[in-house]
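Structure below; questions to follow.
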Amino acid sequence: MSSIYGKLFSVSTWGESHGEAVGVVIDGCPAGLPLTQEEIQRALDRRRPGQNSLVTPRKEADTIHILSGTFEGKTTGTPICLAAWNENQHSGDYAEMVNWYRPGHADLTYDLKYGFRDYRGGGRASARETLARVAAGAVASKILKLSCGTEILSWIESVGNVKANIDPSQVTAEAIEASPVRCPDSEASQKMAALIQEVRMAKDSVGAVLALEIRKPPVAIGEPVFEKAQAVLGGAMLTIPAVKGFEIGEGFAASTMRGSEHNDVIRFENGGYHTLTNHAGGILGGITNGETIHCRIAFKPTATIAQEQETAGCDHQNGKLIARGRHDPCVAVRAPVIVESMAALALVNLFLEQKARTFQF
Amino acid sequence: MSSIYGKLFSVSTWGESHGEAVGVVIDGCPAGLPLTQEEIQRALDRRRPGQNSLVTPRKEADTIHILSGTFEGKTTGTPICLAAWNENQHSGDYAEMVNWYRPGHADLTYDLKYGFRDYRGGGRASARETLARVAAGAVASKILKLSCGTEILSWIESVGNVKANIDPSQVTAEAIEASPVRCPDSEASQKMAALIQEVRMAKDSVGAVLALEIRKPPVAIGEPVFEKAQAVLGGAMLTIPAVKGFEIGEGFAASTMRGSEHNDVIRFENGGYHTLTNHAGGILGGITNGETIHCRIAFKPTATIAQEQETAGCDHQNGKLIARGRHDPCVAVRAPVIVESMAALALVNLFLEQKARTFQF
Amino acid sequence: MSSIYGKLFSVSTWGESHGEAVGVVIDGCPAGLPLTQEEIQRALDRRRPGQNSLVTPRKEADTIHILSGTFEGKTTGTPICLAAWNENQHSGDYAEMVNWYRPGHADLTYDLKYGFRDYRGGGRASARETLARVAAGAVASKILKLSCGTEILSWIESVGNVKANIDPSQVTAEAIEASPVRCPDSEASQKMAALIQEVRMAKDSVGAVLALEIRKPPVAIGEPVFEKAQAVLGGAMLTIPAVKGFEIGEGFAASTMRGSEHNDVIRFENGGYHTLTNHAGGILGGITNGETIHCRIAFKPTATIAQEQETAGCDHQNGKLIARGRHDPCVAVRAPVIVESMAALALVNLFLEQKARTFQF
Amino acid sequence: MSSIYGKLFSVSTWGESHGEAVGVVIDGCPAGLPLTQEEIQRALDRRRPGQNSLVTPRKEADTIHILSGTFEGKTTGTPICLAAWNENQHSGDYAEMVNWYRPGHADLTYDLKYGFRDYRGGGRASARETLARVAAGAVASKILKLSCGTEILSWIESVGNVKANIDPSQVTAEAIEASPVRCPDSEASQKMAALIQEVRMAKDSVGAVLALEIRKPPVAIGEPVFEKAQAVLGGAMLTIPAVKGFEIGEGFAASTMRGSEHNDVIRFENGGYHTLTNHAGGILGGITNGETIHCRIAFKPTATIAQEQETAGCDHQNGKLIARGRHDPCVAVRAPVIVESMAALALVNLFLEQKARTFQF
């Protein structure tokens, strides 16, 4: 297990889907940050299941509690423990998982690794664990917002083969949340919703691609050579359940471009350096240049489907399983806030590290 | 700067293209590993420039020296320092870089970050830094080979729009090295070579995609939730200069698939668990299941091109630059051994971590 | 703040004396360890206030809850969150601390560092934070006990100028707990109790020295050169509130000895290496040799005393303060279990690290 | 092995007494620090053997080379590699160590840990390793000096039972270096020199206590609860070969004091907070208050003595050994610069960490 993320703004997440609670300890949050339970709750509400018919009908209040680290509405510089109690658990739904390894899930690999597994609802491999990341991400986002005016947005760019047609620079948080699938292109949003309903009816699931756009990122952050900004961001995205790919700037398309086409022309204008284009996606040499950071993240289809599937059991038998439980046909729809949260956690660590070593001798 | 990689097998790389030397300190290598200068040299020879007309004509012997950590041909468990002296430096080539920021390079971002920059040959942002990773990777690979029989292979899958057509499971190290562009499909290899010559003549450069195939990886490694195997591997790849994208298993293609299609059926056969397909790419829930790990890595075109390019200078003027120096028209051709090395460093750390916590109480 | 301890068995403590709760997240505990709330509670009961007239009369149930990380009575390998709710808080007792900096306390330094302070009961600087260490230490101790048979004992060796006269190798856990001051020499124990009553009557406090004895420690642990066993142990002890000194083996007395006197003769006997004496205290070159590890830890007198004291306030005025609140006249009396816990946390990390790198190539 | 020290100013030391070279890589040094080979050399010259008849007659030039990380006399923010080549090695002196385990040395424990040992001159357990610490410490000291005016001094306070009688606040670097034993009390210095000559004649060795005085330390550094300033400093000292004890402020003497006596009265005067006394030694709650930090460090007698000693061998036989080689009768005489260096490395890390998280929201 390695459930601690970050060197200077360290978050230690804990809790499994059918345990007592899920939560996170933030160690290293600067003192004096105004912080209320309400603003963390707002972030959590965006990942909560049960918001509409496109996501799982599980009802979870996911009420967050600040157990330590604040005093009179501000952070004290001491560890902040945030926790949400687990409710509405249907452990019975998972009875057949005692034996069977669900295809596409971590059941088998947890058994291989730990020799032992909490089979209820995926245990620690459950997406419920991401609640803790979102809670911590809300704190990280606020530091970046107050210090640099940074805005971090994520939205659905495609579901299956349905693609949005939008100018990323015009996307707003409001437009994202206005869509039931969190796609700010309203025409594509409707098609995506239809596709998701279709796969749900077919007892199946479907994958998606998310966009991540970071405006006004802290400048000059990223620590070559092993904590380059793109490596830290990409590594953070790949910790999210179901993520199978990451691109920055032109990403895989860069592999088909010429240097003369891909290089961004640098201009000194209005007292600062800018690039005329942004093929690089805001990072060069592992260090942010101040341009918007643009990434894309690929999600696989939800592994749990209501169809009968072949698989093996811990009793060494091969057989068939129909998974029960309540699941999202497209898990990515709830993921934008998780992507934003991991981006915030990645950047705030690099931001603090850069701050540590900026000197005038 | 964060030039230290890995928690248990820690490598600390140092050196810039026009300094005295480039090297690495390995802290945490197990004792008793047979290790000679020659086997490290063999890995380095694969990334050396000047091997054929498709890569930069710079001649560098890149002779590695073991300065500490071995005794009578075996590692002692103490830090291993490996170093190669810099030679054949044409500092004069970089005279115009004193002022101008090369488009697509880290010149501007290093100045933004450090307020100061070694402008000779890219300094620490030079690909020369990867020499140290390859030296350390050779040691990591050997540990995995001797302990688990792990084989790590990387090759060129596409250059620009020229794609190889091969069955990854049939690729051999010999077939890769037999191709001047390190593409084991000989027909595609010829087309790629032709394309690279064409862009060189056009004073341009071109991007590429590399495949990474890890056979017989250690089973049950990867530390959920923040050091999942795919996150550690992907993060490692994204630290390599010019990398803009990473995929595991089906990668971005997974976003267009249905769950019923993407889930790999698990079978218990011949005393072990296997999957009938391997869309997941060998990792589930962040933990290796023993199947081959398959990844793809996107490289942008080499930023340095011999054409005139618009840019700005540190004097706040906008103007034009013709970069001199000797550069690869397709930097990815030398990259397979770097990709393999970073994969080895990523895996060996997860392998040691898993070893630490495997108990029978 | 740096409230995370340990690289492989990482504990992240959180909570302050007058917040909602105090707790700890353990990340990296091996799977399969039998663990119940009851055994953690037993350790906590040893540090609880209110046990007799020699310690603070505060009543705290300190009931521990396992919020995550176990399933059917065993650890699952996932993060273990342990928490105890705060009760019996008399915030009113601390009204005058809003302004005044208590001499010998962290009030001023927290304000200097964080610009802001939770003045209730010392906030995070309160000894209440050590509850979390003891809870985590109970888990660490069990791993060492089951794996190596390690026994860790700490007791009071002196209070003020009253010294125990005992053979450390004969001390038992029962003898320690039988004494109200946790000194296994019953005659000295009575004198210490009398001294503590005397200083309490005088509205004063007194310091003490604790012994730490680790029998059957894991052999060959300790990571030269910066995580030598004595450095990790000593560093751990110096994190405990009120500790001002640490010795191993002969400690300061070694400075007056000759080499011929201090060197321990090595003998091969009964299939293993032993030393005829143990001046080194069980560690040479930073690595345990299997002999008993013996240390001594100095505690200063409790800073809070019921006398009027001169001090300054955050309003920049100098004046006088009479601290209220309920405090131990000799804080060290409750410290043995804390010392044992930190020793266990230090050793278990070195033990796992040694395990990670033990190979037969 | 754990040869990496520090989270933000990380030093990775490498090299053994009879290998090619000894050195260090500094990762995370801020850019723009003026740095020359000469100033590092001056620090190294203070630990060099062969300075007078009281230390080992080995002649080592210990010439330091900067292999990377500086450009035009300033640090670039990239890793700084410093190395000194090994010369004047008498490997033959160590022939009998192939079998015999020297009492008081790490020979046996290295074999227990690594199954294998470089027996020449103690290998990595040799005090020669501290050369790298002193080189890195010179860089760390300069950062503290330029940023805060911090002055770090260490001297010999006692050798055997000969104690200096001095006011620590009056000690100067010049007075320390003027003494052949580095004791600024000239009368005690003479007695110490005589004692060292006496033990040398007796083919024996003797221990010592060093004082460590840090004037104008950075204020408000130290990270509760696990990186309290005293824990980081004490842990750093205990990594130095031969150190067996550490005290801060009153240290063990605090255990015999009353709270009313030990508490330092705080005063607000001349625009800042000060304490009238400094029993605490400059740190409260793990955070520096700006007062001078005062510590004491106990060194055991040099383990290598020219007398015949009983011991065991790796062949499982018990027998007798007369160590050859050239050794200091009182190793502590060369240690002040090592103590100062480790203190600088400890403090600079805490200083950078505090800088990272100081915000005005």
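Order of writing sets the chain letters: A, B, C and D. Residues in each chain are counted from 1.
Quick note on the criterion: contacts are C-beta pairs under 8 Å (C-beta built on N, C-alpha and C of every residue); 3 or more make two chains touch, one makes a residue touch a chain.
Please read all numbers here as calculations on a predicted model, not as lab measurements.
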Higher-contact pair (C-beta pairs counted), B-D versus A-B: A-B
Identity of the chain that, by mean CA position, is farthest from chain A: D
Centroid distance [mean C-alpha coordinates] between chain D and chain A, Å: 46
Inter-centroid spacing, chain D versus chain B (mean Cα positions, whole Å): 39
Intercentroid distance (Cα basis), chain B paired with chain A, Å: 26
Of all residues in chain C, the ones touching two or more other chains: 1-4, 13, 28, 31-32, 77-78, 110, 113, 124, 224, 353
Chain D contact footprint on chain C (complex, rising order): 1-5, 13, 101, 103-106, 108-110, 112-113, 124-125, 129, 158, 160-161, 199, 202, 204-209, 219-228, 230-232, 234-236, 238-239, 241, 243-252, 254-268, 273, 280-281, 283-290, 296, 298-305, 307, 309-313, 316-318, 353-354
List of chain B residues in touch with chain C within their complex: 7-8, 28, 30-34, 77-78, 143, 146-147, 224, 352-353, 355-361
Sites on chain D touched by chain B in the complex: 1-4, 10, 12-16, 19-23, 25, 27-29, 31-32, 65-69, 71, 74, 76-81, 83, 110, 113-118, 123-124
